[in-house]
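Each chain carries a letter (A, B and C) given by its place in the written order, and its residues are counted from 1.
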Amino acid sequence: MSRLAVNPNRMELLKLKRRAAVAVRGHKLLKDKMDELLKQFLGLVRENRELRAEIEAELAEAYGIFAMARSEMTAQEVEEALEYPVAKLRLTAERRSITGVKVPAFRLTAEGDFDSYGLGLTPASFDDAMRRFNRLVPRLVQLAEVETAVMVMAMEIEKTRRRVNALEYVLIPSLQETISYITMKLDELERFYRTQLMKIKSMQEASSGAL
Amino acid sequence: MPNTFGGLTGFQWVIFGAALAVIGGGIGSAMGITYIANVAAGILTEDPDKFGALLPLIAIPGTQGIYGFITGILVMTVMKPGAGWSVLSGYSGLLIFFACLPVAFNCLVSAIYQGLTASGAAGMVAKRTEDAGKALILPALVETYAVLSLITTIIMLIVAIKPTITV
Amino acid sequence: MSRSAIYEGPKSGHGSRGRAPAGPGRAYGLLARYRRYRGPLENLKVTREPAKYGYAVGRIKVREMGLLNSQRLGRLIEADFDEALHILEEADYGDYLKGSRVASDVDAGLMRFLQDLYELLREITPAGSHIAEFLLDRYDFHNLKVLLKQRCCGEQNEGPMLDLGTLDPEALRVALENPAKLPQHLVGPVLEVLALPEITSQWVDTVVDRHFFEHRLVLAREEHSGFMEEFARTSLDLANIKILLRAKNLGKDAGFLERALAEGGRMGKVWMAALVTQPAEEMLRALGGSRYAAGLLQFLGVEDEQIRLTDYDKRADDLMMAQLHQARRIAVGVEPILGYIRGRENDVAVLRIILMGKLHNLSPEAIERHVRRLYVDKERL
């Protein structure tokens, strides 16, 4: 904790006192912001965790079905069947704000069917796997959105926390220390003047008495 | 001359019968051996060590040809009347002709089916060489009826030849 | 039979496949149908066939020992991936799969096995027999689909061609530039695809697959083998039923089925195509009304207007395998050859299912549910 290198005079003291008042108010505001951010963040994290667990389970299931379906044909036959998909996905990214933090918002539009393959030679479980994958795509995008939001929020919270800490543990204490230092210095100066004055006065009285 | 039957002399009937027996047995055996030999060739390409086990199977449809040949020889040599072929009446020749028929037809058909049975049995040998003995039994059962027909033919020849000899 | 770029096979007109019985009433039990073929004429044929197929059957009989059996299969399902590879070393498949680590290794190994198997098939196919073509032209049609898709849907890259069929893929690529040079049986699908109002990859698959099933029936007739014809017709029927059920689930219309369903099966194509407009339960009931499909369909249920098809492929394959089992009763003929090659292909599919399942950490029970009936195995199902 260090004292600021300023001249200990009344002018600086006034300035510092104003700065300290601003810092304290700022600290309080930032602290409120962080509380709000944390509240939002925890909500998002919970949502993210649930979504992720859900999607991972569904993905595993879909992959299991697909793995079984694809092992009924040679790799080349699978590739041939899925080579040219018909479905087209359009993804647009926008911004939305959570308590002043900008997070992305994705919008997915799909056109065309997922079945781009012949039905006679591919196994029937193909449809099931593809349907599951097809249903999972929008949810994956949703997961990406939530996950990015969580990341952006975490960064924002980190930044705010650093600011709060800087104010709380560095700026405000050092301002206060400097203020008290200047106050002490000024007090001391005053006492010095006073003793000097008293000394001069007593010397004057002594000399006038002697006269 | 009353020595003909249906326009053929006794000698002609005998030749007819003998020829039929040899032809029947020969065709049957040739076909039967062809079938089993084809299969055996395939098996031996994969596993030449099975030759010993397969050889009896390949050979077994050949016996019908031998039976036909035996019948032919029997008819033409042993059954020959002491006074020469010319004394044989058309009726007696016809009897000998009929006596040849069991071998002629039975050997023809049994050799073909024996070839098929042997082909199936060769499949057993292809899987386990140790089964060669068991596998041989199956076509050998078909052989029974070729043997029976040969025995019948011989008995019929002996019975049929008796009146000829006494004439 | 040697492979040739220029195909000189049967010239089959569309007229010869016009024997399609209408409606489910004409469906026969497989066994009854098969017995009908074994009339007096067939018996005469029995005396002709051993000379033709004998050699091939001999070659195959020795190799049949290497097929998977149920005992080995049970051990494979219980083992983990490395143990499974170890067990396979006892069978013919070990050399091909040795050192496999990932799915693509397994695919490549099994592909090499198939290549060698088909090489054997070409070598032993007797002159004048279509058996190799019957079993391999599936890959010609596959390559045709790849090429048509490339042509109609875009890029000119290599594509997932399979060098397993009767035609050289490169020769096929060249021939496609000029449809007049194409083998007779591939002209029909190419022209039909090119005439489509809208060429999507699904249409290409649908049209070519249909021609494939119909062509196989023609080949079987040329071979004069009741057994092969039966096999071709059953697989065509099973594919038709599968297409109908899946089309229903995917919400296709009757026009799609008109192009998708192959002709020549036991159930009339028009009758089947009309079924798609009915509710799922109605459709299953109508299909199940035919004695032929009843056994196959009784396992299917309906869940929120979707027909559950999870087990259909396995059931269908098992049914085909049951039919092939009859081939084992015939010592010499086209039947054991067909049975052996299909048995091997089935083994390859089973191995792929097991090994992929192991790689994806599926439980032995889940794998067992998908594993097909084996050619060697008699007891299951």
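Everything below uses one rule, namely that a residue touches a chain if its C-beta (ideal position, glycine included) is under 8 Å from a C-beta of that chain, and two chains touch if they have at least 3 such contacts.
Remember, predicted model here, so these are calculated numbers, not experimental data.
Asks: Name the most central chain, where centre means the mean of Cα atoms.
Replies: The most central chain, going by mean C-alpha position, is C.
Asks: Which one of the chains is farthest from chain B, going by Cα centres?
Replies: Using the mean of the C-alpha atoms as each chain's centre, the farthest one from chain B is A.
Asks: Find the geometric centre of each of chain A and chain C from their Cα atoms only, then give the gap between the two centres in Å, rounded to an integer.
Replies: 58
Asks: Taking the mean of the C-alpha atoms as each chain's centre, how many Å separate chain A from chain B?
Replies: Taking the average C-alpha coordinate of chain A and of chain B, the gap between them is 102 Å.
Asks: Quick check: how many Å separate the C-alpha centres of chain B and chain C?
Replies: The computed centroid separation for chain B versus chain C comes out at 46 Å.
Asks: Can you list the residues of chain B that touch 2 or more other chains?
Replies: Residues of chain B touching two or more partner chains: there are none.
Asks: Provide the residue numbers of chain B that touch chain C in the complex, in ascending order.
Replies: 31, 34-47, 112, 115-117, 119-120, 122-123, 126-127
Asks: With touch defined as at the start, can you tell me which chain C residues reach chain A in the complex?
Replies: Interface residues on chain C, with respect to chain A: 104, 107, 110-111, 114, 142, 145-146, 149, 153-154, 159-162, 200-202, 204-206, 208-210, 212-213, 239-240, 242-243, 245-247, 249-250, 260, 262, 309-310, 312-313, 349, 352-353, 355-357, 359-360, 362, 366, 370.
Asks: Show me the residue ranges of chain C that touch chain B in the complex, using the header's touch definition.
Replies: Against chain B, chain C makes touches at 46-47, 50-51, 53-65, 124, 331-332.
Asks: Within the complex, which stretch of chain A touches chain C?
Replies: Chain A residues touching chain C: 63-64, 67-68, 70-72, 74-77, 79-81, 83-86, 113, 115-121, 123-125, 127-128.
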